[in-house]
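In what comes next, chain A is part of two complexes: it sits with chain B in the first one and with chain C in the second one.
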Partner chain A sequence: MKIVVAVKVVPDDQDIFVSADRTLDYSKAKPKISEYDKNALEAAAQFAAENAGSSVIAISAVPSKNDDTKAKQNILALGVDELFMATDDALETADSYATAQVLKGIVDSKVPDYDVIICGDGSADLYAGQVNIQLAAALGVPTINEVTSMKAEGDKLVVERTLDTEVEEIEVPLPAVVSVSPDIATPRIAGMRDILAAKKKPQTVEAAAAPVDVKVSVEDIKAPELAPRKNQIFEEGDIDAFVAAVAEALK
Partner chain B sequence: MAEITLDVDFEPDFDVIVVGGGCAGCVAAYKLAEAGKAVLVVERGNYSGAKNMTGGRIYTHSLAKVFPDYLDAPLQRKVSHERISLMAPDSNFTVDFTSRELTEPGQESWTVLRAPFDQWLAEKAEEAGAEIIPGIAVEDLLMANGKVVGISAAGEEMTARMVILADGVNSLLTSKAGLSKPAPAIDQVAVGAKETIQLDPAVIESRFLCNPGEGASWLFAGSMTNGAIGGAFVYTNEDSISIGIVATMSEVIKQDIPVYQMLENFKNRPEIAPLIRDGKLVEYSGHVVPEGGLKMMPELVGNGVIVAGDAAMMCMNLGYTVRGMDLAIASGEIAGKAAIQALDAGDTSKAGLQCYKTMLDQSFIMRDMKQYENFPEFMEECPRLFKGYPEMIRDIMNPMFIVNGQPRESLKKMAMGPIKEIGMFTIAKDAMKGMKAL
Partner chain C sequence: MDFSFTEDQELMIDSLKEFAAQYFTDEAVKEMYEVHHGVPDEVQDAYRDLGFAFMGLPEEVGGIPATCVDLGILTETLYRATGCMTPFMTGMLAAYDVAEFGSPEQIQLIVDHYEKSGRSFAAMCLSEPGAGSDNMGMTTVTKKQDDGTFILKGQKTWVTNGAAVPYLVVIAKDEDPSRENKNMSLWLIPSDTPGVSTAGLTKLGQQTVPFVDVFFDDVVLTEENRLGEAGQGWLLLMKNFEFERCLVVAQGLGLAEAALDDAIDYALDRIAFGKPIADNPRVQDLITESKRTILYTRMMLYLCLWMLDQGMSCNAEVAMLKSESTKTCLKVADNAIEIFGGLGYTEEVRVGRIWKDLRGNALAGGTCEVMDYIAGRAIVNKYRARKK
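== the complex of A and B ==
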């Protein structure tokens, strides 16, 4: 089974700061694996382990500033055999459609013989949850999202989707694209040998094959205005006024 | 310790495993990798420097020896102002010393932030060929026939011809290796709390009276630790101020205010508040500081293992100079050299590694550690440094500077009153003891 997993590399949201002019300061935010893609990586690794002879290939479409040595090593330390990354600076503000087009380019040229492509629930930056759908449409294969378990049965994939009141079981012919819910697998913590081995695994980083077709334009990215604190101070003993004010604020 | 059995044709994964990617660990790994040895550094934090803390300032002499290009390191400001203050509850007496010699190459010091600085050291080691694994805490040492032959972490084992322990002041592995007691005594360690407050570089320079690129080191003794052995510090970074409190653990636990409240009170002092006004808190941290000096050092050499940096308790706080990183870097360099020597001789046993101890004894590290051996005890025996002397200076200074129409006393009388309160004899004894310990 040839398992492809799509991984986004994003700036670490912990270290993105809002500047005084409400713009976002990314200068301290190091590139890292988009959070839910770690669940997708783990699902891919477990799926590979269940199906002997499988290989896991990670694909990633990022602006060149996210082509980060540590992030790539981290991907390769999480049960991945090989990584293909396509870079284009237009991807910095690209929507899911453009990302899917670049990913399709990687799949067509590097892993045309894939069986299944696994995507995470949504990216840590945009969280549109659309790439799997757009990618499947571009490749002309079926797609299912919110998958909570996967099983290979011949040339079919049997997946479960956990809904509010029931579990849906669906058969999908392969090749296919699935996006997995974070519940599908808890990401592993790479061990010492995984990390050492990752440095020796094959990885290819190339400019995106075709110019990135960005259909959206960004007008402005600004953090919302912070309401100034009211600093309303109640004197000791003024408990009734305090209670009334809290009750009013909660209304 | 986990005992393992080695095959006859045992080939270890690495020549050396270094536990801890701080100053000592990175430098040891750099020296080893430079010499072509296979070396692995395992660091607990997500990156080197993630869990480290300094006041701080580094005396760069030992760094410059290892890295002639040390000025490329993310150092903050060259220290041109040395300030020392004695702080009473309602007064503060400061000495501000500047000298051309303070900033001369080979003896200068720089303020530093560990997160960027240690990452630079780690990069140096990595560029030289060392493998660095961050984000993994080493839990145990592997033993075979009474010799350390590797580490275990998160259920995995990794073997080596020897291990260098550079895992910091809270080293659990030195005691597992039988080189130290399980934990240092609480009167041998201090607890530090620190905030980093961001400010515009020009604002810092004007508030601290410094030229661009230069900065101040400012140490305080007195009332902010509530009488406990310890003090406060302020260091100027490129675009931030490091401000904090350090107080001996055995006394902190007896205090009715916690360390972070001491820091908060210190920041609110009228002498300190203007320095950090309108600054933005960007970082806060807490750490243990080894302050027992020579007497709390573990055994530095074991069978297949040596200890460097804070794990070896190489730290000295003399009140006016506080050192740790220059010792850690030098001990890392010596650890690297000793390991190379032992590996080349094919003997990483305790006997083969004894050269580490010999080289340390010949270095400034052990010379200085011995020189100041009795200082920690002097501090313990002289609580007046933290409560008594700051007030005495206040009581001398107040009548000198206050003019309010009341009759003036002679300077001698003004000075002698407060001095007599503590007692001439006590002051003379403290001065003698202090000078002897230094």
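== the complex of A and C ==
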């Protein structure tokens, strides 16, 4: 089985700071694997282990500043056999549609014989959760989201989809795009052998094949104004006054 | 001069932090100190499976190539991220000695052991009740018998992890226990050999790495138990003392960093006189003194490790470093207690535990006074040699 996993590389959100003018300071934020994509990577690695003879190919579409040696080595240390990355600075502000087009370009040229493409629940920066749908539409294959388990049965995939009130079991013909919920698999910790072996695995970084089709533009990003805390303190036993104040604040 | 870490080192640090976050929660660590008096097998197995236990060991034992700098960063990060003492470094050093000096059969024992368990392979039996840094005072001795076997007699003490490992590395005098006899050999002895027994010792801190007395009552050994060349035991051991001292410093540095991390975090949240105590100049003095210690220690530690990687001796440098930093890192933990105030003197926070643990590091691998003696002698000798 040829398993493709889509991975985004984003600035480490722990090190993004709000400047005095409310702009965001990314200067300390190093690129890293988008959080929920780690669950997708683990799901892909486990799925490959369950289906003998499988390979896992990671694909990624990022602005060139996120083409980071450490992040790429990290991807390849988490059960991935090969990485294809397309870079274009327009991807910095690209929406899901444009990103999916770039990913389609990688799939068409590098892994046209894929069986399944696994995406994470959403990216750590935008969290739109749309790339899987856009990518499936572009490739003309079925897609399914919120997947919490998957099993290969012949040329079909049997997946469990966990919703608020029910668990669906669905058969999907392959090839398909699957978006997995974080519950599907706990990301592994990269072991030392994996980290060192990752340097020897094939990786290809190329400029995006076609111009990135940017349909939206970002004019400004500002952190919300911090409202001063009111520091209203309610004494113990004064529960009615407290409830009334909360109710008032919610109006 | 390049002060940056490589990608391999950065990814190692990330993995160590994830390992620590998963297995060393506050509750888990409390249980290790108060209930298990050790690190559970499951955690030691995970450490092995992630490859950390094999770092720096030779390839014959499945080792993963690592520089001394790598191993120092590994140790510092592990101790900072867990905030506790773990048996891994002592275990690595013992395995390192066996892999370096052992026969192919002895080396295979390491491989066989790690296939079964992530626990440390061996413990080092060096100090005696009457002989610590004064190693010529040791009286544990082997005597060759007519049938070619050897009889081992004596007592070792402060043997870290001695009761929890399948093998003991023992240094003993050949034939004659007297001070004048400088011939010593290393022996690799299964812990369950008849005549070997241990007795627990209490410890002020470091309950996760208990030490024991080990008694050898007419233990029968054969030539196969010998580790390395006969009579050369002390010289063999000495080769790795410099590196061992580096790791003791790295442990203390990591623990001091953990204590300071906690203390600054607390100082930012704790409001007194209408503002966070972190903004109080006297508290900032404590923070600055602590941070300075950490930076100085780290730079000097990396220098010593780098020297070892270049094939240079860092005998005097690491002696000065260990003497100084084990005291100043202890002061960092002391400052952390001070910043926490009354809370720091309780068991609700971990800085007091770190303080107790760090006191032991000033003694482990040689006292500060012995370190100063080693450094002083080396410095004077160097100048004296130039005069000639």
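In the analysis below, the second predicted complex is superposed on the first by the 228 of 251 C-alpha atoms of A that agree within 3 Å, B and C clash if a C-alpha of one lies under 4 Å from a C-alpha of the other, contacts with A are read in each partner's own complex, and residues count from 1 in each chain.
Quick note on the criterion: contacts are C-beta pairs under 8 Å (C-beta built on N, C-alpha and C of every residue); 3 or more make two chains touch, one makes a residue touch a chain.
As the structure is a prediction and not an experimental result, all values here were calculated from the model.
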Chain B and chain C placed together on chain A: clash or fit? clash
- Task: Identify the partner contact of A:150: answer first if only chain B is touched, second if only chain C is, both if each is, neither if none is.
- Result: neither
Is A:48 touching the first partner chain B, the second partner chain C, both, or neither of them?
neither
- Message: Which partner chains sit in contact with A:80 here, chain B, chain C, both or neither? Use first/second/both/neither.
- Response: neither
Have a look at where A:4 lands relative to chain B and chain C in the superposition and call it first, second, both or neither.
neither
Look at A:189 in the shared chain and tell me whether it touches chain B only, chain C only, both, or neither; answer first, second, both or neither. both
Comparing chain B and chain C in the superposed model, the one touching more of chain A is C
Requested in this report: Figure out whether A:102 sits in contact with chain B (first) or chain C (second), or with both, or with neither.
Outcome: neither
Clash list for chain C against chain B, restricted to 23-31, 41-49, 131-139 or 203-211, contains only 41-49
Chain A residues contacting chain B in one complex and chain C in the other 189-193, 195-196, 199
Within the complex, chain B is touched by chain A residues 189-193, 195-196, 199
Note: in the complex, chain C contacts chain A through residues 7-8, 10-12, 14-15, 18-19, 22, 49-52, 54-55, 64-65
In the complex, the residues of chain A that touch chain C are 69-70, 73-74, 77, 189-196, 199
In their shared complex, chain A is touched by residues of chain B numbered 40, 42, 131, 133, 135-136, 153-156, 158
